[in-house]
Amino acid sequence: MLRYIRYIGAQAWQGFWRNPVMSIASTATVAGMLLLSSFFVIAQRGLDVSLNFLQSKVELYLELDDNAKPSDILALKTRIESDPSVDHVLYVSKDEALTRLKEVADKTGQVSLADVATNPLPASLEVKMRDAQQTKQLASMMRDEVGKGVVTDVVDNPSVVDKVLTITRVLSIGGISVLGLMLFVTLFVIVNTIRIAVHARRDEIEIMQLVGATDSFVRWPFIIEGVLVGIFGASIALLVLAASAPPVMGAISGFLTIVPIDFGPLFALALAGSVLGFALVIGAIGAVISVRSYLR
Amino acid sequence: MLRYIRYIGAQAWQGFWRNPVMSIASTATVAGMLLLSSFFVIAQRGLDVSLNFLQSKVELYLELDDNAKPSDILALKTRIESDPSVDHVLYVSKDEALTRLKEVADKTGQVSLADVATNPLPASLEVKMRDAQQTKQLASMMRDEVGKGVVTDVVDNPSVVDKVLTITRVLSIGGISVLGLMLFVTLFVIVNTIRIAVHARRDEIEIMQLVGATDSFVRWPFIIEGVLVGIFGASIALLVLAASAPPVMGAISGFLTIVPIDFGPLFALALAGSVLGFALVIGAIGAVISVRSYLR
Amino acid sequence: MSTLTARNKASRGSDRRNVIVLEDVSKQYPNGTRALQDVSLAIPDGDFVFLVGASGAGKSTIIRLLTRAEAPTAGRIEVDGEDVGRLTRSHVPHLRRKLGVVFQDFKLLPAKTVYENVAFALQVTGHPDDEVRERTDVALELVGLSKRRDHYPDQLSGGEQQRTAIARALVGKPPIVVADEPTGNLDPVTSWEIIQLLSRINELGTTLVMATHNQEIVNAMRKRVVALEHGSIVRDQAQGGYQHA
Amino acid sequence: MSTLTARNKASRGSDRRNVIVLEDVSKQYPNGTRALQDVSLAIPDGDFVFLVGASGAGKSTIIRLLTRAEAPTAGRIEVDGEDVGRLTRSHVPHLRRKLGVVFQDFKLLPAKTVYENVAFALQVTGHPDDEVRERTDVALELVGLSKRRDHYPDQLSGGEQQRTAIARALVGKPPIVVADEPTGNLDPVTSWEIIQLLSRINELGTTLVMATHNQEIVNAMRKRVVALEHGSIVRDQAQGGYQHA
């Protein structure tokens, strides 16, 4: 058994290196496709993060009656918070509202507001959405509250919110479907490449069989060779990615002062793992499929 | 000469059909990569249109002093319009502003505003940007006007505008670089596939040479065969695209009631033309490169 | 060698069983060519048979049928007691290991050296590494290729390729050796060495079937001769010559 | 045929020019094998030369050098007045069209039929279609393969492949024919037919070089024999036999 495994390993290694043109070309194809896929996974992830950020900007303001009872305001706040589409609700008092306005006015260099005598600003509830898609529904619900003594006005921006949400949805569905097609084509192209390479060696398969080799004796070295192609291809793709990540990230970070694109600490690791695993499995599957046609 | 051309055509056709496994696999790879590229070009185009639409929502409002002289307002309007980053400027009178507000109020079912006695709303200039990236600069320029008797306030939303613009820029740069990589990998993979297929037939090339065939006599049939692979691959890709366009568009158009994604009338034609041309040229180039290694 | 000697003694009895039997075998290739028609042939264990006939007579076709590289269109083929036509896929390799075949076109693995090509026939049956090494070395020595052991097939002369194929067929000590024109690319001296080698192996009990055009060898050996003509057996003579007696 | 006859008459003069000249040619393959050492040989126009020698002596290597499939490590080779070693890449095809070569391993194009393989040798020189058709048919008839014209090489018997290779070498009526073991897969009768065909072509003025192991043919023809041993010429005899006289 051990002898058999050693034999298979040696044969696969030999098969890889003694058909260098085909092995290198296959490996290059695998590397190219994986690089593209990875790049795309990263772009898709970036798109996702950007869109989430865009969505997280969607808020709803409820302007409150100056005379509303604190208990009523609290009850309303609690009620809104229990809605699963809401992330959190912030109470902004009249004073806070004024302070904020002053800060903004100072920053933007507009006329000073420091000398305002009576505070014209209402207190408000700022509702941050968890699921931005539900904003419209919540807003119309809140409008029913207007005039009941607590809420005086509901401020959203239905047309802008709608548009942002639509674009968000289209982009992320588009991104996911292109990614799906991408992975499918990657699989297809890699399997196809291995098939051509194995086809070119069909005579070898026939000869091995004629000399008394069993199917698995012929098949296994090819499978391991496919795995080798996968591993080498994935390694090249990952090396290129790793090498190009710092400059690309540097270039992007120029734009990123405002939008915090953070992939999370494990993203790189998970990506590398999936690329390697994906390549390895496709290599093996490609070999199995390809060899099968010549084992009759 | 004519005989030579006929000979080459016949040889290429024969070469394609008598190595069916390799021809079909190569064609399938070409089709897959082109399909992916096309899909991606379309997605990138969609992204572009969406982002332009998002950008076109960026506006600047200048609230005007109730006592400003019409000639001053007109002068300001003309000045702003001369800025190349501005698309157009709309004057909204106090009355119009009120009418609009009433309409919005009616639609959203808020308290009726029909009985407002004095009009509290200012007249304004609505500036639609052509180049949204310049909004900030224009806004700060306009703020210098505040208090000079015409403009009372400049309403933009610096943080939101900035964020939208940043995201827009990142997404479109990301889209273009992924597209670039995509086209490069497509080229690379197709050339690689043809190289493997030609490598598998290197003995044929050697035999032809030994029998007295000149380089071009060997090369041309392979080139035309590469072109055939390109044409067939492109045709398959375009057929799949054409077949999948209506349902995909149908599914998307659900979202598109608000964002008007319009690719323009010639987009499909231009896409089909480029795909075919690209495939044909790559097929030929791939064959030239591949055959060259065996013509020594 | 001890098992071979034992088999030899047993097989030289009065009624040796037939290790190869063809009964009314016909073969028509998919493109319509009729290569064999109603061929019947029985070869007892330990026999030495020459298969002769003009180019295209059907000699290689018979060999392809024995190894199940092709299936007969009609008729029954038996090798070492097994009905070749009814073998399951998984049993074909075991049939082929009983047959040491020298192919007319050699069928060497292009990405393996001479040594590796010969060793391969032992590796398929799972021999331990040191045994593979030892026996492969002996086989290469026998056909005079020790000096070329690390050449790839395309770095060999025609005769060297042929001898590699012969070494591969013999290295596994199969009970039946089938050689298709094994001296076509060899000079007379080397040819005779190979024939003597095969002859010795046959004396040790191996059944030998050899398709050949080498008139001199057939005439000199005075072994059984089966002559084919247009896919049919026209002569089957115990101690024959190349031409009709 | 008329040009051949004309050439024939002219060439049978007293001092025929040498169409093949090897001067101190050595060949060492990249892996270190010394295949030829200081071989000098001159073959006059219209000659019939047998190249004999044991397996691995270097016969095929000489042929490979003549066609510039390999370049010599040292020495000078001239074919039909041209220095083969100094030919530019673009002139190599023209050299090869002057040489009709029967390769030891046939070198047939696997994706072409028998007919197409033979026709190919005419197509490379740009013959008109109807001439290609006519001459290919004649060549196939000559080697007895008309019935197999639409077979692919892997649908042919060994001897049929060999005859296809012969037909391809002859169809272009080249001034020099080089045949490497052209009868190794042919039965004696067919072998003799082929030899007679080659002999007739030679009588019409074609220079003929034939590497062979076929003792009987060499002895019977009584032509010039060049014998190689370990890469060196050990005998060059005007009307020789296979063995040393």
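In this document, chain identifiers A, B, C and D correspond to the written order of the chains, with residue numbering beginning at 1 in each.
Simple rule for what comes next: a residue touches a chain if its C-beta (ideal position, glycine included) is under 8 Å from a C-beta of that chain, and two chains touch if they have at least 3 such contacts.
Given the structure is predicted, the values throughout are model-derived calculations rather than measurements.
Sorting all chain pairs by how many C-beta pairs they have in contact places A-B at the top. Between subunit B and subunit C, the centres computed from C-alpha atoms are 67 Å apart.
Averaged C-alpha coordinates give centres for subunit B and subunit D that are 63 Å from one another.
Between subunit C and subunit D, the centres computed from C-alpha atoms are 31 Å apart. Looking at subunit B, one finds that none of its residues touch two or more other chains.
Taken together, the touching pairs link the chains into one ring where each has two partners. Chains touching one another, given as pairs, are A-B, A-C, B-D, C-D. Looking at the complex, you find that subunit C touches subunit D at residues 29, 31, 33, 52-56, 59-60, 104-105, 148, 151, 155, 157-160, 162-163, 180-181, 184-191, 213, 215-216, 242. Taken in their complex, subunit A has these residues touching subunit B: 21-22, 25-26, 28-29, 32-33, 35-36, 39-40, 43, 46-47, 50, 53-54, 57, 108-111, 143, 146-147, 153, 158, 160, 162-164, 166-167, 169-171, 173-175, 178, 181-182, 185, 188-189, 192-193, 195-197, 199-200, 252, 255-259, 261. Of all residues in subunit D, those touching subunit B in their complex are 67, 69, 89-90, 92-94, 96-97, 101, 103, 107-112, 120-121, 123-126, 128-129, 168, 172. On the side of subunit A, the complex with subunit C involves touching residues 3-4, 7, 14-15, 18-19, 203-204, 206-215, 217.
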